[in-house]
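Okay, so subunit A shows up in both of these, paired with subunit B first and subunit C after.
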Partner chain A sequence: MTAPLLQVRNLAKTFGGTGGFFSRAQPLVSAIDNVSFDLHDGEVLGIVGESGCGKSTLAKLLLGLLRENDGSITLDGRQVSGLPPREARRLRSDVQYVHQDPGAALDPWWRVGNTLHETMRIHGISDAKERETRISEVLEAVGLSGDFVNRYPHELSGGQQRRIGLARTLALRPRIILLDEPTSGLDLSVQATVLRLMNDLRERYKLTYILISHDLSVVHRMCDRIAVMYLGRIVELGETEAVFGSPAHPYTKALIGSAPKLVRDDTSVELIQGDPPDATNIPSGCAFRSRCPLAIDSCAATKPELEEISASHRIACPPELRRLTNGPAASVSSL
Partner chain B sequence: MTDTALLEVRDLSLSVKTDAGVARILDHIDFSIRRGEIVGLVGESGCGKSTVVRVLLGLLPKGAQIDSGRILFKGVDLLTLRPKDVARRIRGRSIGFIPQDPYQSFNPTFTVGKQMLEVLRWSGLPDEAPDTRWTRAVQARHRAKLIEMLEAVNIADPAGALERYPHQFSGGQRQRILIATVLACQPDLLLADEPTTALDVTTQMQILHLLRDLALDFGVAVMMVTHDFGVVAQLCDRVSVMYAGQTVETGTAHAVIHQPAHPYTERLIACHPDLSETIVGIPGQVSSPINPPMGCRFHPRCLIATDACADQRPVLRTLEGAHRVACLMREAAS
Partner chain C sequence: MLIFRKLLQDVPAVIGLLILIFATLIAIFPELLVDNLVAANRGNILLRLQPPGVDHWFGTDDLGRDLFARVVLGTRSAIIMAVVVVLAAMVIGVPLGLVAGYFDGVVSGFIMRVTDVVLAVPQLILAIAIAQILGKGQESAMIALAATYWPFFTRTVYSEARRVRSQLFIEALEGLGASRFRIMAFHILPNVAAPVLIRATVGMGFTILTAAVLGFLGVGATPPSPDWGLAISEGRKYLPEFWWYATFPGLAILLLVLGFNLLGDGLRDLVDPKLRRSR
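Let's look at the complex of A and B:
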């Protein structure tokens, strides 16, 4: 196997905690805690979890928009972490981002063409003719006609806004694209066209994707591997078939069980109750224990680390519990 | 008998004058809801679902005109009432509303309790005379009612919750608080316009179960607006499918999901991830209500349409029991 394109090791990011001279101390939030994973060339890695689990923070760290407190990020064998944001950003031009709400990311007063030009200018593409060439190429690639450069954002449908968001990113010729909730707010019937387009573009431009979503069905159908996050930590990581076929962490099971299925079944799903705890007040030991149907006393004592349960499938849940979760009652995976 | 309809929408058509021409946003909408029943109103964005909700709340869009139809609510045609009377006697009292984004319904600068009390002050409790003065004693009654309702929607420490601000709650909790407020007025019908699209799957499922329990416990009927047949399957007794302002199919949730009769319904259900490993969509988009396609509005996207479909508007016909469909191809087949 070739070396991973991107290597993330023991990444950590906290917010707040120290009060400045003029400001009151903000409560300490551990948004990303000891996160490690590899991203291989050409793959689609999904990152799922409820809102507030740290998905966007992770994206910003990878992009160099935020500076990590700890850990390292290696891109193509080069260490890119620990640098001041400006430097980090330059080194990471291979990594680009598609905004969660492309409508909001477009300037309402600017025609699409201006936005595309400006994005490239900011990234140092000063030759106007080169920009023109790229614009017509990427518009064609996302299936929009050339006259879309004259449109204003409000003249675009939800699906068209996503396409412009993709075009804008493609124009920068990245190798890795971070897609933040690429289908949220779209009808199921429209999601499909956007997802298929993303697949086509990946093949055409030999791209690698990190797909952030809270929608399991999207991740299931798009990704090669999946990382499930809970309160800043990865709790399950593995190939898509493994994670959906035999989910092993109680949280993953609950997530999969919560997707509204076409057949009503009131019995098999063990719903988790409540919301994730406040990020300023994460339970000791396993953060999920306060909502976990299987938690035992020892879960409060130590933070479980990711451990291999089969080749290419790892979970952060101690073996005592794993025996319980592998029982027959665990067959919630009917997707 | 529980069979009598609480709400009957019959042949409802509505158009709006716009700069670009007349938009016929609702075109022969037809469905009903019985007491205590949960009915799904399903269709893609732009099909007119929210417009139906607005009309039921007596909030016609600007420049809108009712072209035909009746809305019988507890036997009274809402369309014959003055908007002012709908606002005073029905909206917020016997018909409650839960919006998509609970955050926008709150003012961030006041406590949740103050805002909930304000709602009750305006609508009053059902056993109070319309002109009840807002005395200390009445306020105390309202507060007690709100605490009872917050308990019913599983908000921990209800009395404490009243003193907190909207941002101190999660999206799911805010949606519960809103549901509690609406239910305190003991409505007969709850209109929920995509109330879970902004929420995580875990929270969405909790809210769906909550609505189901509340419908049972309080006997309130629910109209659930959604574009997801998974939500229909989990929550609804019956469903009404809309396409481009027209009712194309109605029936029990079970019958419609397992034996969809309209090609649009079939395609919409096929988009559900349970049914396919690959990604399925519906190419094209919902037609604009200005100069919509003639005949069946779905025919340009339909895989089995014939020339007749571009000519003739299909009307709802009964297939079996309460299962009705508006499709010429279906008529031809039977």
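Let's look at the complex of A and C:
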């Protein structure tokens, strides 16, 4: 296997702790805690988890918009972490982002064409002809006609906004694209076409995707590998079939079990009890133990690290509990 | 222009717009209404304090000058005053508000606290003090008004910039690595332009009023300028027998301020019906 395109090691990010000149100190929140994973060239890595689990913070860290407190990020063999945001962002221009709501990511006063021009100008493409060529190329690639450059953002439909968002990112010729909830707020029929378009673009431009979503069916369909996050930590990481076929962490199991299915089958669903704990007050040891149906006393003692349970499938749950979780997994193939 | 058509449906705003167009016209071309402009500044003591009539529509003042001609001529200085003061206040206040609204931290806090301190002192009192220090004349009145009006723009731009800054497209631009200047000048500024223009419109009316007060108190325009505030101050001594001397400049102020306010309110309702309370 070749070296991973992106290597993330022990990444950590906390917020708050110190107050400003005129403001009181905010409580310390650990948003990302000891996250490590590899991203291989050409793969699609899904990141799933509840709202507030740190998915967006992780995305910002990877993009370089936030500075990590600890850990390292290596892009294509080069160390790109440990820098202030602006420099980090410049070094990571190979990593680009498509917003959850690409329509809102467009300045309402600017025509789409001007936004596309500006996006490239910010990245130092000063030749206007070059920009024109790229714009017509990426618009064609996302399946929009050239006269979309004269539209204002509010004149676009939800699906068209996604396409413009993709075009804007593609114009910069990135290698890794972070897709944040690429289908939220879209009709199912539009979702399908947008997902197909993303797959086509990935092949055409040899892209690597990190797909952030809480829609398990989308993740199941799109991703090669999946990382499940809970309160800033990766609790399960493995190939899609392994994670969905035999989820090993109690949280993943519950998450997959509670996903809505088309087939009525309410008997075996074990719903997760309660809300996620307050991020300022994460339980000691395993963060999930306050909601875990299997929790034992030793869970409070140490934070479980990711450990291999089979080739390319790792979970953060101690071995003594794994026996209990090996029951038949809820299937999502009917999704 | 959909916005323009919508404004034309707003009767008070159209009235305000017409008043302003009329005032601007006679400020640029006073000879449209007054045949003999020289007469406005040349007195004739034999004709002092004549009541309004066919020869002198608004009567004459204590030096026998035609009041109608002087009120018409005063329009120019009133409008120049309003425009210069508001533009200068915008030049100071808008960039400060943008910087304070876009950045966090000490600089932003400092700008806004200074703004708060200036806003805490009544504008008129501060303006009188500054104008008094700078000495008599219209220029010092303008400097005093501009130096006390900019915080209103800083406040408006600050709160609007805060709102815009939290929107996703700013985050997207930061994500692309856009420079701060680019974000502020090309993205935040156009998005805060509407409330700034509304405040500028209403602010011009307000400035005319304050400038008239300065003239009335003797720290603004000096004789023989046909300033409205000055005229009211001089005419005051002849009340109530020679009522026309103070009344007509006063009515001119009323009309012009009304024009600015009606248009400003109309613009405000157009942009955001929720945006109430502005001066």
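Worth pointing out:
Criterion: the second predicted complex is superposed on the first by the 324 of 335 C-alpha atoms of A that agree within 3 Å, B and C clash if a C-alpha of one lies under 4 Å from a C-alpha of the other, contacts with A are read in each partner's own complex, and residues count from 1 in each chain.
Note that in this section a contact is a pair of C-beta atoms (placed from the backbone, for glycine too) under 8 Å apart; a residue touches a chain by one contact, two chains touch by 3 or more.
Note that this is a predicted model, so its numbers are computed, not measured.
Look at subunit A after the overlay: subunit B and subunit C fit there side by side.
When the shared chain is aligned, subunit C comes close enough to touch A:119, but subunit B does not. In the superposition on chain A, contact of A:43 is made with neither subunit B nor subunit C.
Once the two complexes are laid over each other on the shared chain, residue contacts for A:90 go to subunit C alone; subunit B is not touched. Ranking subunit B and subunit C by residues of subunit A touched puts B first. One geometric descriptor of the composite model is the angle centred on subunit A: between the Cα centres of subunit B and subunit C it reads 70 degrees, in steps of 10.
In the superposed model, A:104 lies in contact with subunit C only, and not with subunit B. Looking at the shared chain after the overlay, A:272 reaches subunit B, while subunit C stays out of its contact range. In the superposed pair of complexes, A:239 makes contact with neither subunit B nor subunit C.
When the shared chain is aligned, subunit B comes close enough to touch A:254, but subunit C does not. In the superposed pair of complexes, A:65 makes contact with subunit C only, with no contact to subunit B. Here's the short version: in the overlay, subunit B gets within 12 Å of subunit C at its closest Cα pair.
Shared interface residues of subunit A, touching subunit B in one complex and subunit C in the other, do not exist. Of all the residues in subunit A, the ones that touch subunit C in their complex are 20-22, 63, 65, 86, 89-90, 93, 97, 99, 101, 104-110, 118-119, 122-123, 172. Contact residues of subunit B toward subunit A in the complex are 44-45, 170-173, 197, 200-206, 208-209, 227-231, 233-234, 257, 267-269, 271-275, 277-283, 285. Within the complex, the subunit C residues that touch subunit A are 104-106, 109, 167-169, 171-179, 182, 186-187, 190-191. Within the complex, the subunit A residues that touch subunit B are 50-51, 157-159, 185, 187-193, 195-196, 214-217, 220-222, 254-255, 258-264, 269, 271-273, 275, 335.
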